[in-house]
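Once you've had a glance at the structure underneath, I'll fire off some questions.
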Amino acid sequence: MCLGDFERTAAAALPADIWDFIAGGSGTETTLDANRAALDRVLVTPRVLRDVSRVSTEARLLGRPAALPLAVAPVAYQRLAHPEGELATARAAKTAGVPFTASTLSSVAIEEITEVGGTVWFQLYWLRDTAATLNLVRRAEDAGVSAIVLTVDVPWLGRRLRDVRSRFALPGHVRAANVEAGTAAHERPADASAVAVHTGRMFSPALNWSSVAALRERTALPLVLKGVLAPQDALRAAESGVDAVVVSNHGGRQLDGAVPSIDALPDVVRAVGGGCEVLFDSGVRSGTDILRALALGAGGVLVGRPLLWGLATAGEAGAARVLELLAGELRDALGLSGCDGVAAAARLRTVRGPGAREPFPGG
Amino acid sequence: MCLGDFERTAAAALPADIWDFIAGGSGTETTLDANRAALDRVLVTPRVLRDVSRVSTEARLLGRPAALPLAVAPVAYQRLAHPEGELATARAAKTAGVPFTASTLSSVAIEEITEVGGTVWFQLYWLRDTAATLNLVRRAEDAGVSAIVLTVDVPWLGRRLRDVRSRFALPGHVRAANVEAGTAAHERPADASAVAVHTGRMFSPALNWSSVAALRERTALPLVLKGVLAPQDALRAAESGVDAVVVSNHGGRQLDGAVPSIDALPDVVRAVGGGCEVLFDSGVRSGTDILRALALGAGGVLVGRPLLWGLATAGEAGAARVLELLAGELRDALGLSGCDGVAAAARLRTVRGPGAREPFPGG
Amino acid sequence: MCLGDFERTAAAALPADIWDFIAGGSGTETTLDANRAALDRVLVTPRVLRDVSRVSTEARLLGRPAALPLAVAPVAYQRLAHPEGELATARAAKTAGVPFTASTLSSVAIEEITEVGGTVWFQLYWLRDTAATLNLVRRAEDAGVSAIVLTVDVPWLGRRLRDVRSRFALPGHVRAANVEAGTAAHERPADASAVAVHTGRMFSPALNWSSVAALRERTALPLVLKGVLAPQDALRAAESGVDAVVVSNHGGRQLDGAVPSIDALPDVVRAVGGGCEVLFDSGVRSGTDILRALALGAGGVLVGRPLLWGLATAGEAGAARVLELLAGELRDALGLSGCDGVAAAARLRTVRGPGAREPFPGG
Amino acid sequence: MCLGDFERTAAAALPADIWDFIAGGSGTETTLDANRAALDRVLVTPRVLRDVSRVSTEARLLGRPAALPLAVAPVAYQRLAHPEGELATARAAKTAGVPFTASTLSSVAIEEITEVGGTVWFQLYWLRDTAATLNLVRRAEDAGVSAIVLTVDVPWLGRRLRDVRSRFALPGHVRAANVEAGTAAHERPADASAVAVHTGRMFSPALNWSSVAALRERTALPLVLKGVLAPQDALRAAESGVDAVVVSNHGGRQLDGAVPSIDALPDVVRAVGGGCEVLFDSGVRSGTDILRALALGAGGVLVGRPLLWGLATAGEAGAARVLELLAGELRDALGLSGCDGVAAAARLRTVRGPGAREPFPGG
């Protein structure tokens, strides 16, 4: 009945180490928790006496229509949650009419994912091997993706202590289908997360603005930078020909102690001043959360973990139900705040509350 | 001895699903909880050395005298709590000398309620059938009500998850006595609240300012808009010939994530600048809470759930005791802050505390 | 080892209803708790590299020297806590070199208390019988007290729900020794606190500024108003020839929802601008708390409940130990913040922290 | 995997009274807890798209290079935690390439500690016997230390109630190796901490700015003042020829109610304006905490208790692992916030969050 229900069923359904890999944050999880608390502190002042008999949740994302101001966030290795992995999630996204973002580390090859149809974006990690990186872009283009989403906040993986403690490694049947991955992500290391070891070998910590320029030249597709929190970085992105930034702290999985994404959002919106689209990610768990992000200036949101909860609970149907719930909740939140669409939501006034509360206590 | 006692006895006396229907809020109940926390944060600076040997709690509501700056809020289907339903509550209100607001969805017909005597206001939901809506107004006028309270924050019901989970439906003996209700509210749906399904079919989401204008033309009775949080909407209400607005988030039952009503109150008072009366609703549980609202500029408050607690505990006597407690507590709160009446309370200074606490811990 | 230890031993030693009478606050005890939380939020910036080999805790209170910037607060009916009652506490105060304030409702007559010696102040409740009130003042003067402390925040008692629930009444051997009390405070009422009923009959709710003027004319003793929170009231007190005000919310026992005393202190200090002394009361539990009050401009503090904890635990020796602990803790707090005396403490800088914590967790 | 792991293992490994001596704070431990909460509230805005393939954690402390912006804080009597005591910790510091600060109250003589090699600083308590004090300085110089760290916030020990309750005394084999200590620290007193009694006899509460001037004249070594929170004191230190101040509240062990060190840091940095180095101490438990201090203007941090946790858990190897963890975490925190070194960290923007959370929940 709400996304929290799927969180509980997924936690029960998945092995502990896989659950922790999906749910965990870095360090003492200060930022993971702060994301949620900061969202709960955003209180909206609804408007009344506006005809809301026709509420539309439609939005434009990267210049194209979408059924919701929402894209499925890139999440690696979705076959951890369900045998059909990304195929199931992508089908759910297609049904819901929202873009699906395929990860560089998807456990199903990008070509198979785009065969599902619907709008597919490709998330790119910049690899130490630049030729391989640009080859991935070309493969994604050939497969028919409609945008490239470059993740900019992962020079290497944050210290996700749950994974370090579980010495998390991928089970044999889950593989990085797009890249020559070797066996690093599967070999349980002594005192580390195998996934962190693997990505440490593969990702380039040298990623910088010239990489963005190179990518911008290389592809005509819309280009999105995911993981921007500083207004200066967002402004430079806009000036670099980037089409959108995603204000995100990677769901509390990178720098522990980073500012909650929602607290960083308004300054970024002000800084870019319309120079590019501003999307939001980190902690969205309800239609009200989407309304909050819209009211604070976001053009849309990315949602990650909840899709995995749906996937782990009931495969494609579960993921579809998660999106259906979000769509219904967003329609409700819009109508109950007197908005007939997402444009009206951007004009709502918000205030900050003093504290926060536990997510999803009921049930 | 305090309203919290009645909350506990009512929770024990009622079936779980009915208790949840009364007590619950929408979504993750962020706003429900925030209402209470925000009230607790309002700290009053009392005055001393003023003769308070004669403290009057009398007030004027909609131009008429009332024994307290308080009206009983409209609450639907009160026979859920007690066989006598609205009749018992209306009698208690009459005894206490305060207005009783009869809901469109009362389980006793408006004509029977006004027979009780005392001041009765009629709460109006705008129905999809406008003729039926205006017919309700005429019936209420004919029955002798002294004001029309148009609820403006319910284009449809908020997602009250407790009711969705319990698949809440009305028992057969509880019916919407004022409206041709059909059976929708009684048939347990698969995955929803029957009450939400029913009101979804009946209420008009097209309700807007022209509806207010039509209603204003139609009736000479004082007109109140209930569910206003945005200062602009309150100002427009005053300019539309409305006699009062009720600053309310529907007790946390509509938009989850809405600003606490008490935090919205001062801006509304400033915006209308005396252009109409400003009442307050959402979370009032003690005389101190009434004092807080008065100090922040409200002319009076509406109290809902506590009356149902009294009703469920001991019928009319319980509801009467709740109002008696509030009257005594308000007299105490006025006197202990050096006020001989409600006018003096409006001049008290308040500060905001940093956090909040659980309601009603003792006992 | 700290006052919290005495709180625990007293809670264990006393019957539940007497403990609750001493410990409780009014209403939902919002203000009782807020007093403590607000003190914990006051964070002091200590100074260093000042010779603190001779730290003096001496102060002047009402123009006379005292060993500490502290007086024992008036607390009624101390024989509830120990057979020797006020005599034991007054002896402890004398030993510690601090004033003892005898309550109008002391369970030992004022003449017996002043026989103990030391500095004794007399706390005055304004009675419905003005002649009796002024007679009390004369008796106190004749008995040799050195100040009159008029309580101004009790037109009647706050709703102390613990006492209402226990139907609290005085045991037969504990009597209001200074006043013709009748039996009201001893007869267990149906649904009320006997003490509240009794004081309701006895105290005058008409107490006002002209009462202060009358009292000021009547006595040449220093006059203190206890229970002032509003700066305007404090200023008027100074202009009325009052020698000191006590910033106090009566330890959270009168208006529930009143501002924490420590949060009201700085504005009062500013308002009176040296026109009279400003003392502080409500929640002082350690030498650090005294330092906090001094740093925020108080000339000294009143301490009530902790003396009763000491008294209940070990009679005079217990009360003496409580004062000894406070003296030692204050000397420590002064020295560790680079202050050689109370004057230096007034120049310390403070900041407000974001939250608060439970009192006295250790042990 | 994180310092919290060592906290747990050390708590399990040590006798309760020794654990409490290390872990405890003064009074009700308000400041001890506030230190941690205040650090968690500092939220960093990371930068992206900067080449972090070469992240250096190197820093300059007192004009000399160190592998990390970190020195081991002076902690007394380290043989309480492990038979090798300071020798083990000093070796770990040497391995990590960071300064080790030997306490006046070290349980191994300063000459033996400097034989370990690496950079050793000497922490000085000003004794009642000035000749003995200056003799300690000379001995430390002769032993080859590279700085003198004068502790300025201990005219005497704060009221550490855990030690008072346990009547904490040193076991016979742990002695103050640098000073003629007598037996005071070993004889269990009636109602006190033997260590507090002992230092009370030994330390001079007359310590003042002229002591600093005397010391400044006496030694050519870099001079550090540890325990400064007030900007005025920091400025005067810089003007007195001091090389660095350590912003510290002694880990919540001196004035209970003192401002959290991290909240005092920015004002101190502003006040000294580069006139001397500013180090930070009190509550550092992770690389993120170091990043927070750097972002707020500190040139480096001191870390104390965590080293003892490592020492108690596994001797030198444990202490070394603690430093290794901090080094790794700092490298991560720098890289993940787009900093290639400590200089870049000083330019990060921070915001303050509304609350705080429990330290180290995982595991």
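Couple of notes before you dig in:
As written, the chain order gives the labels A, B, C and D, with residue 1 at the start of each chain.
In the analysis below, a residue touches a chain if its C-beta (ideal position, glycine included) is under 8 Å from a C-beta of that chain, and two chains touch if they have at least 3 such contacts.
If you're wondering where the values come from, they're calculated on a predicted model, not measured in any experiment.
Counting only chains that touch, the fewest steps needed to get from subunit B to subunit D is 2.
Shared contact partners of subunit A and subunit B are absent; no chain touches both.
Of all chains, the one whose Cα centroid sits at the greatest distance from that of subunit D is B. Looking at which positions face the partner, subunit C and subunit D present mostly different ones, since fewer than half of the interface numbers are shared. Between the CA-based centres of subunit A and subunit D the separation comes to 41 Å, rounded to the whole angstrom.
Remark: subunit A and subunit C have CA centroids separated by 58 Å (rounded to whole angstrom). For subunit D, the set of residues touching two or more other chains reads 354-355. Here subunit C touches subunit B in the complex through residues 27-31, 33-34, 37-38, 41, 152-153, 155-156, 158-159, 161-162, 164-165, 191, 204-209, 211-212, 225, 227-230, 232-233, 236, 249, 254-260, 263-264, 354-356, going by the rule given at the top. Of all residues in subunit D, those touching subunit A in their complex are 1-2, 4, 40, 42-53, 55, 286, 288-289, 291-292, 328-329, 332-333, 335-337, 349, 351, 353-355, 357, 359-363.
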